[in-house]
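Structures follow.
In what comes next, subunit A is part of two complexes: it sits with subunit B in the first one and with subunit C in the second one.
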Partner chain A sequence: MLILWGNVLVSGILMGLVYGMIALGLTIIFGVIRIVNFAHGAMVVLGLYVGYFAGAWWGIPTIVAAVSAGALLFVFGHSLETSVVKRFVTRPHHIQFILFIGISLVLSGAQLIAFGPDPRPSISHLSFETIALGPIRLDLARLQAAIVAAVMILALAGFLKYSTFGRFIRAAADNRLGGLMVGLPIPKIYAITFGIGAACAGVAGALISPLFDAQPFLAVDFTLLAFVTVIVGGLGSFVGALVGGLTIGLTEAVAALLFAPSLKSALSYGLLMIVLIARPRGFFGAKET
Partner chain B sequence: MINLKGPTINRRTAMKGAAGFAAATMVPWIRAATLLPVKVGAIMPSSGILAFPGQACVRGIDLGAKFARERYGVDMSVVHADTQSKPENGRIAADSLIQQGCNVLIGAWDSGATISALQAAEAAKVPMVVHVASANQVTSQGFTQVFRFYPPAATIVRQSLAEMKALVTSVKDPPKGAVVLHLSNTMGTSTATSLDAAWKELDVPVKLLEYIPYDEKARDLSVEVAKAKASGADALVSVTRVNDAIMIVRECIKQGWNPKLMFSPNGNGVPDKAFYDALGKYADGAMSSNLWYNPKGEDTRTIVDRFQSTYPNEWMDANSGCAFEAVHIVADAVARAKSAVSSEIHAALKATDLKPILMYSGPIRFDATGQNTGAAVAVLQAKESKPHVVGPDGIAEYKPQYPLAPFGKR
Partner chain C sequence: MQKKRDALPDRGAVLASLAAFSVLSGLGGVLNPYLISLLTIVFLFTFIGQSWSIMLGLGGQLSIGHALFVGIGAYSVAVLNIRYGLSPWFGLVVGMALAATVGAALAWLSFRFEVRGIYFALLTIAAAEFARVVLSGWEFVGAMQGLFFPAQSGPNSLWMLRGDARFYYFVALAAVFLGISVTALIRQSFLGYVWRAMRDDEEASRALGVRTFLHKIVIVSFSGAWAAVGGGLLALVQGSVFPDSIMGMGISVDILVGPVVGGLGTAFGPLVGTLITLPLDHLASAIGNKFGIPGLNNVAYGFALIAAVWLLPDGIVPVMVNLAKSVTRFSWFGYLQMEQVKK
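Showing the complex of A and B:
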């Protein structure tokens, strides 16, 4: 029984870190631009396809595919922001919601046309491999995703704290008007931030390709998952995304073990409701002023 | 000046005129005599989480319609509708097809969507041939328009367990305990309930240790498989869709669990190409009992070869096969009814007494509830990345492999 609990908790932690990674892009974009990217899941799925095709067609390792997906999605996100999103930054939230739902539907439709409706399961060796630590088995694909999630957070935190442009981003996140007044290049900052958020979604998508079959219909699931994660962790907080992911991952794992596995989703949404009631800003979200 | 010489009529003009005359006068007669037009609505989950089997069904329907034209002279125009893998969309799809003038419906793969579609079919008095859907409720709710080719979960499970019992009682080292991993949707729950009853009734000599239900949209089955492994079972009985069948095998490999027997009554995975594409050598050995084409049937080779040439990247599986057979049933009824009127097709369907053209089954006859009484399952085992029939003996291609080779030694 102890071994079962050990394996389940480890699995929950790793899955939680994967969830955290999926949510990271969403929280970055909200933290700086203050818009809620409902197309996040569709971007994760784009990364998932990059990971799938890189592995299935050219045998490229997942981690290399993740870098390519990140670069590709950065360009995509940057272009999307400069061509469409920037016109909606100061518009009311409900208009932004509709815009991003539209973008999500367009992206999913394009994926459906381009890749078809069939799920494309990964044929990477990572899909079958584990590392054994005594009786505890660590899923290699999840472990890799978890490590990359931690590295991404550290890299992003370092970039924001120590680089000049990172300081610009933080300043723009703190006070957009103030930034404009002191001459910060706000449009450029927003475009790059949106690109970074999209890149995070792309990297996450490619890294989870050994775990999830690539198919367009996953977009809604990923968007919902990212939302639950960042709302529990706190919108706009990197650490919150990880802690939120861990909380959801562990809740699902423990719920599956203690109750019925089919109740996993119900319990994670139940947790979301409790957090919304008890601590509306999530574990690490900033206080509303 | 009056030109008395009329337009020149050369040989070609005369030939064209003759051909035109023949077309104008004879073609309607030929059509009336040999090609009976009927509009068939096919409701499938062509997109969404069930797109894999849904698309396979669409292929079976389209090929079946071509065969129907050749064999029965039925000019079948098929209108496809997509439920998007949402059960509640069954009724919407059926309503839309009926409004488009469909005289008969085929569908809907998923039991939930089928029941939903049947409500619309019932209201409009349009017969519906259910090619795949195993929940008992499909034929137990008093629908008068339903004609189900597929057996109910209880029948499949009973026949499957009888085959499984025959296997475990014939081997030296039978499994001692089994765990059941099953979907928590309509099909999964219905099958699990039937499994429990049939297990006791048939007195299968393997102890049933635990039932582990899981959500259809589960993204991760690691905990479920960990629970199954911890139960101490050495046989895994599963009721799955393709995606989760793949996830379960992957988790077994990752968690180092090597059941001696992996058997799926009424489940997907083993019959589906995607299972082998995703798992490669690890797919081998898994067994399932499903409706399957009779490898020794008269027309089987012709149909399977034609399917292969039409869809070179796919293979004829249980879904395509059942869809094909459903079209065969409709074509036979239309040909006998000599009418495309729904009520007359309905009457002809009621009187169906048909030898299956492709699938392994007894004669297709529908009882008062609309259930095909001849339905039978074949036992399949994955071998060298293809499903092969290993039971019943009369149609078996190979002897079943037992116990399964541990994943690490493949």
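Showing the complex of A and C:
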């Protein structure tokens, strides 16, 4: 029994790291640009397809696919920001919501046209392999996804904390007007931030390609998952996204063990309600600016 | 002087709504069954859109999970009617009460610690999804298999709200114009002024003695009850309720797209916008099906939404009004209206 619990908790933590990465993309875009990317799930699915095709067609390992998905989605996010999103930065939230719903529909529709509605099950050999760590058995695909996600998150944290451009981004998030006053290249910062956010979604999507069947309709689920994660953790907080991801990962794992697997999302929403009652801004939510 | 003019809806709006009402009633007699059923859905979404619009346009609270209230209304009507054989009117009343309570609870939860703006919007969508997932697993209300109203037999009945397509057309049309009137009345009531003051500057209105916390709860609750009525009617028209088709995120999106494209804060915005967006969605689906390309409809509709918020920042109705003003400026009608044309 104890071993079963240990297994479930560990796999929950591993998934939680990937969820944290998805949420990180959302939270970084919101923290800097003050826009909620409702097309986030569609971007995750885009990464999922990159991972799937890289594995199915060319036999590229998931890690390499994840890096290329990240690069691809960065370029995509960057060009989306410079061509469309920047015009909507100062518009009201409901207008932004419709814009991103439109973008999400276009993305999902394009995926549907290109790849069809049928789920594409992963053929990665990783999904069947496990390694034993004492009494705990680790699913190799999950372990790899979690490790890569953790490394990427650390790299991103280091970039934001120590590089000059990372400092620019944090300054822009802290005070946009002040940033403009001292001559920060705000449009460039916004474009790159949006690119980073999209890249997080893409990397996470490619990483879970051995675990999820690629399918355009997953977009809504991933968007909602990312929302729940960032609200639990606190919108706009880097640490919050991670803690939120781990919490949701653990909750889902425990829910699948205690109740029916289909109820796992209900429990996440239930957790969200409890968090909102106890800490309305999430664990690490910033004060509203 | 200004106050006096505001006290009544302006003549143009009253005339326009009467004209629109008679045209649409006339159309109800002549259109073919497909258009009748399409317009019925359009009207119901307009009606629900009005409730959304009043919450954001007057109260300043953005909801992106309005399907929550729609679903509560729909399930109240369906459960009471199908399980207990009660008239849908009871279901509508119960749905309103439930939705008002849920709305108040939701608002209380979030506004109590100043959770507002986009945080509140995210909370609404989370609540809607939570309710959807719970309903999907609840056997008593049909779970994923949904609930079906018994097939229509016998004459149209206003008491049981059962009838043919044309019957529902007129029910939905009546709802839309009830919605337009209620919106106009609230705008000019005490509450309307308080809500707009609160929307424009919450701190200032609180300093003037407005109990903003209470008013925000009232407005979410009111809007929720209104949307529940629309949800109940929608369930009757569709003849069935499923968690995904009545409470999914797609419904929340459909509800708010119409009013925004039409023009937020205008009396006719929800109607004009929904009259354009919903048929456009259907048209895109038809085109996608015709060419056998699933997904084409999503791409077309998505681009249409992006174009709408890009090109028409304030919506269609303000553009139409300006156009009408510039055309009628020197005409006889414009002469009559001159006092109102000037700013």
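We take it that the second predicted complex is superposed on the first by the 284 of 289 C-alpha atoms of A that agree within 3 Å, B and C clash if a C-alpha of one lies under 4 Å from a C-alpha of the other, contacts with A are read in each partner's own complex, and residues count from 1 in each chain.
The rule is short, and it goes like this: a residue touches a chain if its C-beta (ideal position, glycine included) is under 8 Å from a C-beta of that chain, and two chains touch if they have at least 3 such contacts.
Owing to the predicted nature of the structure, the values given are computational and were not obtained by experimental measurement.
In the superposed model, A:240 lies in contact with neither subunit B nor subunit C. When the two structures are aligned on the shared chain, A:91 is found in touch with subunit C, with no touch to subunit B.
Contacts of A:112 after superposition on the shared chain: both subunit B and subunit C are touched.
With both complexes superposed, C is the one of subunit B and subunit C in contact with more subunit A residues. Judged by the touch definition given at the top, the superposed model places A:20 against neither subunit B nor subunit C. Once the two complexes are overlaid on the shared chain, A:205 sits clear of subunit B and of subunit C alike. In the superposition on chain A, A:265 makes contact with both subunit B and subunit C. By the touch criterion defined above, A:103 reaches subunit C but does not reach subunit B. Of the two partner chains placed around the shared chain by superposition, subunit B is the only one that A:139 touches, whereas subunit C remains out of contact. Applying the stated touch rule to the two superposed structures, the overlap between the subunit B and subunit C interfaces on subunit A comprises residues 112, 117, 260, 262, 265.
Looking at the complex, you find that subunit C touches subunit A at residues 56, 62, 64, 109-110, 112-119, 121-123, 125-127, 129-130, 133-134, 136-137, 249, 253, 256-257, 260-261, 264, 293-306, 308-310, 313.
On the side of subunit A, the complex with subunit B involves touching residues 1, 3-4, 7-8, 11-12, 15, 112, 117-119, 121-123, 127-130, 132, 137, 139, 211-213, 215, 217, 221, 252-253, 256-257, 260-262, 264-265.
Of all the residues in subunit A, the ones that touch subunit C in their complex are 36, 84, 87-88, 91, 93-95, 97-99, 101-113, 116-117, 216, 220, 224, 227-228, 231, 235, 260, 262-263, 265-266, 269-270, 272-273, 276-277, 280-281, 288.
Subunit B meets subunit A in the complex at residues 46-49, 51-52, 54-55, 85, 184, 212-215, 217-224, 226-227, 230, 242-243, 246, 250, 253-256, 274, 277-278, 280, 282.
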